[in-house]
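Each of the next two complexes has chain A plus one other chain: chain B in the first, chain C in the second.
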Partner chain A sequence: MKASGAQIIAHLLERHGITYVPGIPGGANLPLYDAVKASKIRHILARHEQGGGFIAQGMARTTGRTAVCFATSGPGATNLLTAIADAKLDSIPLVAITGQVPRAMIGTDAFQEIDTYGLTIPITKHNYLVRDAAELLEVIPEAFRIAGSGRPGPVVVDVPKDVQNQVVEFDKWPDPLPLATPPRPSAEEIRRAEELISKAQRPVILIGAGVVSADAGDFVIQLAERIDAPIASTLLGLGAVPSSHPRMLGMMGMHGAPSTNYIIHEADLVIALGMRFDDRATGKASEFCPNAAIIHVDLDRCELGKIKRPTLAVEADVKEFLGELLQHLSPGPRPEWRERTDELRAEFPLLMPGSDDACQPYGCVLQTANLLDEAPVVVTDVGQHQMWVAQAFPFSFPRQLLTSGGLGTMGFGLPAAIGAALARPDKTVVLFSGDGSLLMNIQEMATAAELGVNVKVILMNNAHLGLVRQQQELFYGARFHASRFEFEPDFVAIARGFGWNACNLGQATDPVEMLATALSQPGPTFVNVPIPRTVNVLPMVPPGAPNIEMIGGHSHVCQNA
Partner chain B sequence: MEHVISVLVENKFGVLAHIAGMFSGRGFNIDSLAVGETEDPSVSRMTIVVHGDDRVVEQILKQLNRQVNVIKAVDLSQETHIERELVLLKIATTAKNRREVIEIADIFRSKVVDVQHGSLTIEAVGSGAKIAALIDLLKPYGILELARTGRIAVARG
Partner chain C sequence: MSAKTHEPITPNDQIIRDERRPVLRLVVRNHPGVMSHICGLFARRAFNVEAILCLPIEDGQRSVILLLVDEDERLEQMVRQIEKLEDVLEVTREEDGHEPFEAMARYLAS
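Let's turn to the complex of A and B:
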């Protein structure tokens, strides 16, 4: 068999089931583009490499399967870095294939040369600089295996242009490699978990992204019902357990309901599943669940003991762990604890003022949810709107929420929504964005228009970097600086300019009706929602403070509305 | 507390950058680092000396073992092991005190490997404590240059 490096890549991507590859061509990856043209893969032309990276992430986050993106050398690769780093922090399986200058020119500061390998070491699970086309036969399957195995993550494969052109002979095409088998819990670990649970009077279950990627939501519900425990979620765990489940407390931490943080504070056992005790979820870690024993289950052993010392650490796939545990665990009703949690939930709920007004934050989220017959894929950008969505949206299925949690990348939303729409053409994709975030990748409106994807953008427009404004108000003596946009673009005109349907709820006599019409239109649709400019997301745990010290936690009224 | 970590890695492009990057990226300090091939040329051994409490070292070991190119990372301080470091010390000497310096070198079973009119170079091999003691004794004469390999170590038996 004989093929060039570029042909090997294109063929192996096909063999790994890749149907779409977003990216942008340039000098150093043109051989690859030539080879992909002759393949069954459909290329999605992004308008910025970061957009291409996030389109791929949108596909990977929606399906759980590894997605691929392309960029050329130099600025192509540096533009992609943010999307790769974002995938690393949120454990998203991604294979980024970058062009590099020819081998002989590496190290000479050639045109569009940058050390992509060196730049991506700290933001990938693993990376490669391919120095011979024959290596690709091993590297590409390995890249997919590494990206998808265990705790998923991004892999970069940097391929010099002459390696793409190099023709090599080989015996046969390699098959995709099996993913690594996740570690199983030992019998002793299950026995100890059972023991800790049976001794506990006030257990709480905490779920994170690991529950989503293990598809273990049903087991979590069984556990909660078996041991009579409430469930709280990190931002990235939302959707794994439906918001409507009676024991689901919603999001914990910095912007969680006060009752959720109080309940966790009172727990005597925390069962932490596929979550990593991130500071946004725990507040001041040393004062998080101070009286609780901790069972921490995670695939990645580095997370066990990194932030909180667990009483029992289990390196295992959450689903395997719960499957084993549920076989052994006898039912343990805890009526007093249930009563106490119900009491706290009634006394300190998350209040959502303005929930019937589509031009108020909570109303915008809830009305949108109400108007859709079928649950949409929900994408957010980063900022206040993201927290309002996390607090208020009624999530009903895993992988429903796509949001940049760890890196918190503004500009994530629009391209991720395009990727989600490509991966789930059967679904409506709703992107809630902010006027700060949307501008950071607004060029992808052109990509969406070209594809005609079913993306609905709901722009919560307050002409501010809202979360920055909020922090300046609360923690910097209301000395506002650089958080207000003095020039306000006409987003509706911009969207129309990109060929989108667009409307402005601010000019509607019946905003809900206008929103309904917008949501029912086919193809990309933009809705500008002018929201009050100085509303804060409450409650809020000040950064570095314990979770029970919430601003707006006790007398929870929206003072600034 | 000091820990001597021994890491077997695949002898491949970029592995050192991955390991060094993990230490700097996560804020762990390296006291010394020595790398070389093992009996199997496709495998290298890195000996990394670090300071840190048990929790820090546990996290370092976990992070190392997670690296794709790491075959195995262990904390040799947890078991009996042999460690050595080679040091070259160039000492300022005069005709008058040269004899004294050579005597000190002898006591430490180290070798004089170069003699010039104004200086003398000693090659010393030993554990961390021995090298530290030798340097301490030679300091008053004036250490002109000092080069050390960093420690290497293997487990006993």
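Let's turn to the complex of A and C:
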């Protein structure tokens, strides 16, 4: 068999089930583009490489399967870095294939040359600079295996232009490699977990992205019901357990409901599943769940003991762990604890003022949810709107929420929504964004218009970098600086200019009706929602403070603390 | 071997002979970039590597790297991070691992 490096890549992508590849062509990846044109892969032309990276992320986050994106050398690769770093922090399986200058020119500061390999070392699970086209027969399947195995993450494959053109002979096409088998819990670990659970009077279950990627939500519910424990989630765990489940407390941490943080504070056992004790979730780590034993289950052993020293550390896939545990665990009703958690929830709920008003933050989120008969895929950008969505949206299925958690990348939303719409053409995709975030990748409106994807953008427009303004108000003596946008673009006109349907809820006599019409329109639709400009996301744990010190929480004395 | 061309220099014996400092022994795939993966892990955690020795082994497909590092409570986390690297095949903590560094020190001092 004979093929060029570029043809090998295109064919192996097909063999790995890749149907869409977002990206942007340039001098150093043109051989690849030529080969992909002759393949069954459909290329999605992004308008900025970061957009292309996030379109791929949108596909990967929605399906759980590894997605691919392309960029050329130099600025193409540097533009892609943010999307790769974002995938690393949120454990998203992504294979980024970049063009590189020809081998002979590497290291000469050639036109559009940058050390992509060096730049991506700290933001990838693994990366390659391919030096011979024959290596691609191993590297491409390996890249998919690494991206999708264990704790998923991004892999970069940097391919010099002459390697793309190099023709090699080989015997047969390699098959996709099996993903690594996730580590299983030992019988002893299960026995110890059972023991800790049976001793506990006030257990709490914490879930994170690992529960989503292991698709273990049902097992978590079974565990919660079996041991009579409430469930709290990190930002990235939302959706794994439906918000409507009676034991689901919603998001924990910096912007969690006061009751959620109090309940965790009172726990005598924390069962942490596929979550990594991120500071936004735990507040000051040393004062997080101070009286609790900790069972920490994660398939990345680097996470075990990184922030909190667990009583029992289990290196395992969450689903495997729960499957085993549930086979052995006897029911343990805990009526007193249930009563106590119900009491805290009734006394210290999340307050959601303005729920009826579509032009108020909570109203905007809840009315949108209300108006859609079928649960949409929900995408957010980063900032206040993101937290309002995380707090208020009634999530009902895993992978429903796509949000940049670890890196917190403004500009994530629009391209990720496009990717989600490509991966789930059966669903409506709703992007809640802010006027700061949307501008950071607004060029992808052109991509969305070209594709006609079913993306609804709900722009919570307060003419501010709202979360920055909030921090300046709360922690910098209200000395506002660089958080107000003095110039306010006409977003409706911009959206129309990109060929979108667009409307402005601020000019509606009946905003809910206008929102309903917008959501029912086919294709990309933009809704500008002018929200009050100085509303804060509450409650808020000041950065570095313990979770029970919430601004806009309620004064409270914990029992058992 | 021809005569050495360098001037003798004075290695820091205090660090090199400090028995409390652990030595890590890594077996890695031998190709460009592996060293930056490993050093990058230490660098971005502000964790100093005091000394490095690296030699290709067997048919040259693999190398052994010896790292003289600081005793630090983060070391266990570092070792786990190193183990996660695709190109690292093995990590062990060497007991009495200072000898090669002392040999290197003698070479430089002579």
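The definition used in the following text is that the second predicted complex is superposed on the first by the 554 of 561 C-alpha atoms of A that agree within 3 Å, B and C clash if a C-alpha of one lies under 4 Å from a C-alpha of the other, contacts with A are read in each partner's own complex, and residues count from 1 in each chain.
What we mean here is this: a contact is a pair of C-beta atoms (placed from the backbone, for glycine too) under 8 Å apart; a residue touches a chain by one contact, two chains touch by 3 or more.
No experiment lies behind these values; they were computed from the predicted model shown.
Taken together in the superposed arrangement on chain A, chain B and chain C clash. In the superposed model, A:167 lies in contact with neither chain B nor chain C. Contacts of A:146 after superposition on the shared chain: both chain B and chain C are touched. When the shared chain is aligned, chain B and chain C each come close enough to touch A:122.
By the touch criterion defined above, A:187 lies against neither chain B nor chain C after alignment on the C-alpha atoms of chain A. In the superposition on chain A, contact is made by A:301 with both chain B and chain C.
By the touch criterion defined above, A:38 reaches neither chain B nor chain C. When the two complexes are superposed on chain A, the residues of chain A that touch both chain B and chain C are 117-118, 121-122, 125-127, 129, 146, 300-302, 305-306. Every residue of chain A that touches chain C in the complex is listed here, in rising order: 117-118, 121-122, 125-127, 129, 146, 300-302, 305-306.
Those residues of chain A whose C-beta lies close enough to touch chain B in the complex are 117-118, 121-122, 125-127, 129, 131, 146, 300-302, 304-306.
Residues 13-14, 17-18, 21, 25, 55, 58-59, 62-63, 65-66, 68 of chain B touch chain A in their complex.
Taken together, the chain C residues at the contact with chain A in this complex read 32-33, 36-37, 40, 44, 76-77, 80-81, 84-87.
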